C-alpha cells in the first residue's frame, strides 16, 4: 500500500509504522518536493490494506491506494481518499555534488550529464571533467552539470573490453574531487551495488539489465538516486514496471532514460536506435518520475547527436546524458563506442542551443500545453 | 542519363536533344536554383550514354552520369566529369500562390502547410483558410504559408467516408481565391492526375500509394510540384526510389514528407506512428530534395502535435504539413481523423515556436553541423 | 447490406433486387459452396437496410447484416436473423483449367501454384510448365496444380526490368494451351484489369498495391478469382479490409496470401521477410476466405524455401505459391528474384513432403483442433 | 583460444595445460560427441595464442583459432590448422535421467520437454509428470521426454506471483524421483546458480536475463547443461554472443531456444510473439549448438500451440519445450501464464503428430537439404 502524507505528521507516521509492524511489513518514507511525502508499505500489504478506512482517517493522510495491477508507487494519477482521481506531485530527484549544489532532475530545468563512455585513464577523464565544469561556468549552470563514466561495461561480445572496474570508479572519484561535479556510473551486478554505490553519487541501470529484477530490487533497497534506461525491446509500460521494482523497495529517486529502440528502420545505417520520443511524453503523463534522454546511444554517431538531443527537447525532457570526449584525437583511443562521443567544443554549443530553446521556445510550448490541459 | 548543364547553354542543349532524338529518347529540363540545370534523358538511355565522352566535352556540361543502380536523378553525390565525387546543389521546390508569392521548400526557411484533413463544407474550409492567412500576416510570413485539404481520401475500410471528390477540389479553389494561398491536395488515381492537377498548385502522393508506380510516373509526367509521403513499412531508400520514379520522368519538383512509421512501440497507445526523424537527416544527406514533416499523422492526437513538430525542427526539416481546424467545436464534425487536427489558435503559437527556433536555436545547430562538415 | 439466401430462391432474389433498384442500389450474387449464396447490396445501402425486418422475413433468407464497421462481406461470424452469432460457411474459390478440372482453394486440399517469377522466353516458360504438369501427374494431383508468372512486375527501382507486359501474357497463354493448367498473373494498373483479365484465369494483387483501393475495386467489379497478397507493413486486419474492398463490389472469389513481413529481425541476412504464420490461422478464424502462403518471397533464397513452406503447413494453409525454374542453369538467366526460385526437381520432393504431411500429420492436427473447438 | 583435439591425447592436453598455466590461463575441456574434444583457454589468451604454430604442431591437434570477433567457441565454421575453413561437428547436449537414459539434444530426434509453467502443488506437478511419463511410454520415446517447471519466475510486475522458490525445486525433485525423468528449471540470480544447480538436471536462462552477463558466466562456470532463451529484442547474433558468454567459461552444453519476438504484428491480438523460425535454421548453420522451440510463449494461448510447434518442425528443430497441465480444470488454478498450457491429452496427440512428421516428412526435407548442400 502507498500513502501520501503531509510533511511533518510524525504522530500519524508512527501509527502507520505500528500497524505495518503488526502485519509483518516494513515502512519506507520517500520525501516529496512539495508538501507531501510518500509512505511505502513494503512486503505483502494485503492485510495492512484491509485497514484502509482507518488509515484514510488519520490526520494528514491525503490518499492511500493498493491497486492490484499498475505501477502503483510511481503512477501519476491515483485514487485519492474520497475515491476520486488525484494527480500526484511530480518527483524531483536531487543529486548533490561536492560543490554543495543539488542537480535537480525534474525541477524544470534541463540537467546536462556528460563525460566519457568509460574512464580509461586519469588524464583523459580529468580533461573531460574540467571541460564539463568550464561549460557549466561559462553559461552559469554549474548546478545543472553532472559527470558520467562507466567503469563496468556490459558488452554483447564476451571478448570486448569491459571497463576498468573499481579502478575506473577511483578515476571517477578523482574527477569529482577535482571538479566538485557529482557522477553517475553503471552497476550490472547485484552483488556490487553497495560497493559501487559507496562511491558514486547516482547509479545507472543499463538497457540489458532493465529486467534484471534482482538488480533492480538491490538498487531499490540501497536507496541512492538511480537512472533507469529503457530495456531492449521493452514497451513503455514494461519500462515503468521496471521502475516500479525499484520504487517498491521504497526508493522513489528514479530518473527514467529513453535511449532509443531497435526497429526495422534502424537497420538503414543512418542511426543506431530509433528514439521513441512520444514515450517520453507518455512517461510524463503516466508517472511522477523525471525523464531524460540519451542522444549518444540513439545516434551511434557523433555527427547526429545534436539533432537528436534537440528533437528530445521538443518533448520537454528533463535532461540528457551525452557521451563526450575532450579532443577529437582522443576519440581514436576509445575502447568502446568510439564513434558516438561528441567533442566538448561541439557539446558546448549544443548546451547553448538547449539553453536558447529553454528561453525562447519552451515557454511557447508550455503555453500550448496549458491550453490543451496536458502540462 | 543525367547531365548537369550551366544555365543558358542553349547550343549545348540543342546538341544533347539531337543526340537523344537519334537514339529514341526524350529530353526533360529541370531548372536548378543555382547556376546549373538538370537535363534528364528519358527512356532507355544506354546507347545515348555510350557517347559519354562526347557529352562531357560539350560547353557548359559539368557532370553526366548513368548509374546502374541508385536513385540517380535525385542523388546528392554523383560522379562529376573528372571522375570525382561531386555534391549537387540541393533542390528548392517553388509553389506560387495567386498572391504572387512563391513558397520555397528547401529555401532555408520553414514552410507551413496547414488546413483541414478534408474540405467538408465551404464555410469550414474558408474559415480555416482565413485563419491560416491571418497567421501568415501576423508573423510576416505569408510567403511561407500554404493550404492543404484532401478531396479524395484513401481509407482502410471501404465503407468509410472518402471525401467530396471534385466538389472538394472546388472548395479548395474557392479558399485559394479568397486568401491567395496556394494549396496541395492528394491524388490517388493515375487517371485523375490531370483533372486534379489542373486545379491544385501541388499534388500529394499518400502513404498507401507510395509504391503505386503508375501513379508516381503519371505525376512525374504531369510535372507540377509534388509532396511524396513515405509509404507504410518503407525503408528510407525505398522512399527515395519512389521519388526517383517521379524524377525519372523529368520532374524534380518533389518534396519528401516523413509521416512516421508503425512499429511495435506505436501500439502502446501514446502515438499513432513513430517518427523516423533520423531518416529526415539521412534524406538531406543522400538526396537533393527538400524534406518536410507531418506531425498530425505521427501524433494521431492533437494534444501531442506540438511536441512532434518541435522534435522535427531538431532535425532541421524544411517545413511541415499540419491538420488544423478553425474551432474546437468543428473537430466534432470532422468525418476523418477528427482527433488529430490542431485548433488554429494553438497552431498560431506553434508557428511562433518554430519561428523562435529558427531565430535562436537553428543558428547554433548549423554552427555544430559546420564544425562537423555535415551542413 | 449482406444477405445469406438459400440456393434457388429466385422469387426472393427478385424481391430483393426490386427493393435495391428502388433505393438506387445494385445487386451482386456470390455463389456459395454449400446451400447458401451471398447477396451483396452494392452502393450506399442504409435506406435499403432500414427494411431489415421485411428482408429477414422473405422465404429462404438465413441472415442479413449491415455492420457499421468490420469487414462485413468476408467476416466468418455475423449476426443471424434471430440476432445470434452465426458462423458462415468458409469460401471455396474455384479456378478451372483448360483440362476441365477445377482447382479448389479452401476445398481441404493443398493447391500448388508454381512457375517462373516472370515469363522471359517461351522455351523457359513452357519447360517449367511441362514440369509442373509432370509433378501433378506423378502424384495424381493434376487438379491441384496451377501456374504462375508475372508479365507486369512492380519494382522498387524505376530502372529495374519490369517484365514483358502483354507479350508475357501471351507466353502464359501458350503455357496454358500446352499443359491445360490455369494460371494466375499480377495486375498493377487499374486500367489493365480487363485487358489482362480477359486472358488470365486468376488475377494477383501484389504487396505494393494491397492498399491501391481503385485497383482493388476494379478487380472486384471484374469478378474473376483473385489472389490478394498482404501489403508491406499491413496489419492483419488492414489486409482483411483490403479484401473487403474487392468483396464489397460483389466478388467473393478472393484468396488471401501471406508473404512475410519486414521486421527488425529480417535484417539479420537469413531471410527476406519474417512469415506471420499466426496471421494465417487468424485469417481462418476471422474470415471465410481461403489462405495460401508464398515461401519464395519469405525466404528470398531458394535454399530455405522448403523449410518455410513446411512451416506454413503447420498452420494448415490452403495452398502455396512458389517460384520455380526448370533447371539450375536457368536461375542465372533470371532478370528478377533470381535467388529465390526452386529447381523443379527439388520442388517435386517438396510437393511430396506436403502430401505426406496431409496424409500423416494433418489428421492429428485436425483432431487437436476439434478437441479445442477451433477447427 | 580454442583448440580441437583428438580424444585420448593426454600428453598433448598436458602440454597445452602447462603452457596455459605459464601465461596465467585456465583450461576447460568440453567433450565432443565425435572423435574431437574442444579445449578452451580461459582468460586473456593473447600471449598463449602467440604460440599458435607450436600448438598446431602438437600431436592430435586438428584446429586452433583465436578470432578477434565472432562467437569463436560455438561457431560452426572455423579456421583449421592449414588455414582452410573447417566445419566443426555439431554439438549433442546430453541430460541424463534417474532412469539411466540420456536425453540427447541435437542427436537427430526431437526431444520433448513438458510440464507446468511452475510447480504450485506437489499433486499437480506429480500428476503432470506422470502423464508425461505415460506419453513417453505410449510412444516408446521415454528417452526423449523431460520435465520443466519454474520455481523462480521472472515477472514484469513486482506484485505478480514469483514462484515457490526452493520449495518449488523440492517439488520438481519429487517429480523426478517418482518418474525418473530429468528436469530443467530457470535460474535468474547468479548467486543461486550453485544452489539450484545442485538439484536440477539442466538450467534455463530466460528471455529477460539473456544479456545478464554475470549470470551467463556463472552458468558457464557451473558447467551443467543449460537452455538459453533468446532475449527480448535480441537479434540472432546477439543471442549467439550470449551463448558465447557461457561457452567462453568452458561449458559447451548449451541448447538454444527460440521463443518468438515481439513485433508490430504481435499486437494484433492473435499471438503473443512472432516466431523467428528462420533464425533456427540460421542458428543451425552458424553454430554447433542444438536448437529447440518454445511454442507456448510464442502462442500465449493454448489453442494455437499445436500449429506453432508443427511450424517449427518445418525448420527441423531439435526439440521443444511446452507448457502442459494435467487437466483443463487445473488451468484455472494456475497463477502464471494460465492460458498457454496445453492439456496433456492434447499434448499427447501433438507428440504423435511430431513423430509422424519425423517418420514421413522429415526424410523428404533432408533429401532436399542434401541436394542443396545445406544439411
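Order of writing sets the chain letters: A, B, C and D. Residues in each chain are counted from 1.
To be clear about the criterion, contacts are C-beta pairs under 8 Å (C-beta built on N, C-alpha and C of every residue); 3 or more make two chains touch, one makes a residue touch a chain.
Note that the structure is predicted; figures quoted are calculated from it, not measured.
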Counting hops between chains that touch, how far apart are subunit A and subunit D?
1
Interface composition of copies subunit A and subunit B: same or different, split at half
same
Out of B-C and B-D, which chain pair has the most contact pairs?
B-C
Which whole number of Å gives the spacing of the CA centres of subunit B and subunit D?
52
Find the geometric centre of each of subunit A and subunit B from their Cα atoms only, then give the gap between the two centres in Å, rounded to an integer.
39
Using the average of all C-alpha atoms in each chain as its centre, how far is it in Å between subunit B and subunit C?
36
Can you list the subunit C residues in contact with two or more other chains?
233, 235, 261-264, 267
Which residues of subunit B touch subunit A in the complex?
233, 235-237, 261, 263-265, 267-268, 270-271, 274-279, 281-282, 285, 299, 302-304, 306-316, 345-346, 349-350, 352-353, 356-357, 359-361, 364-365, 367-369, 371-372, 374
Tell me, which parts of subunit A touch subunit C in their complex?
262-264, 266-267
Once bound in the complex, which stretches of subunit A touch subunit D?
68-69, 71-72, 154-159, 188-191, 208-209, 211-214, 217, 231-235, 238, 241, 244-245, 248, 261-262
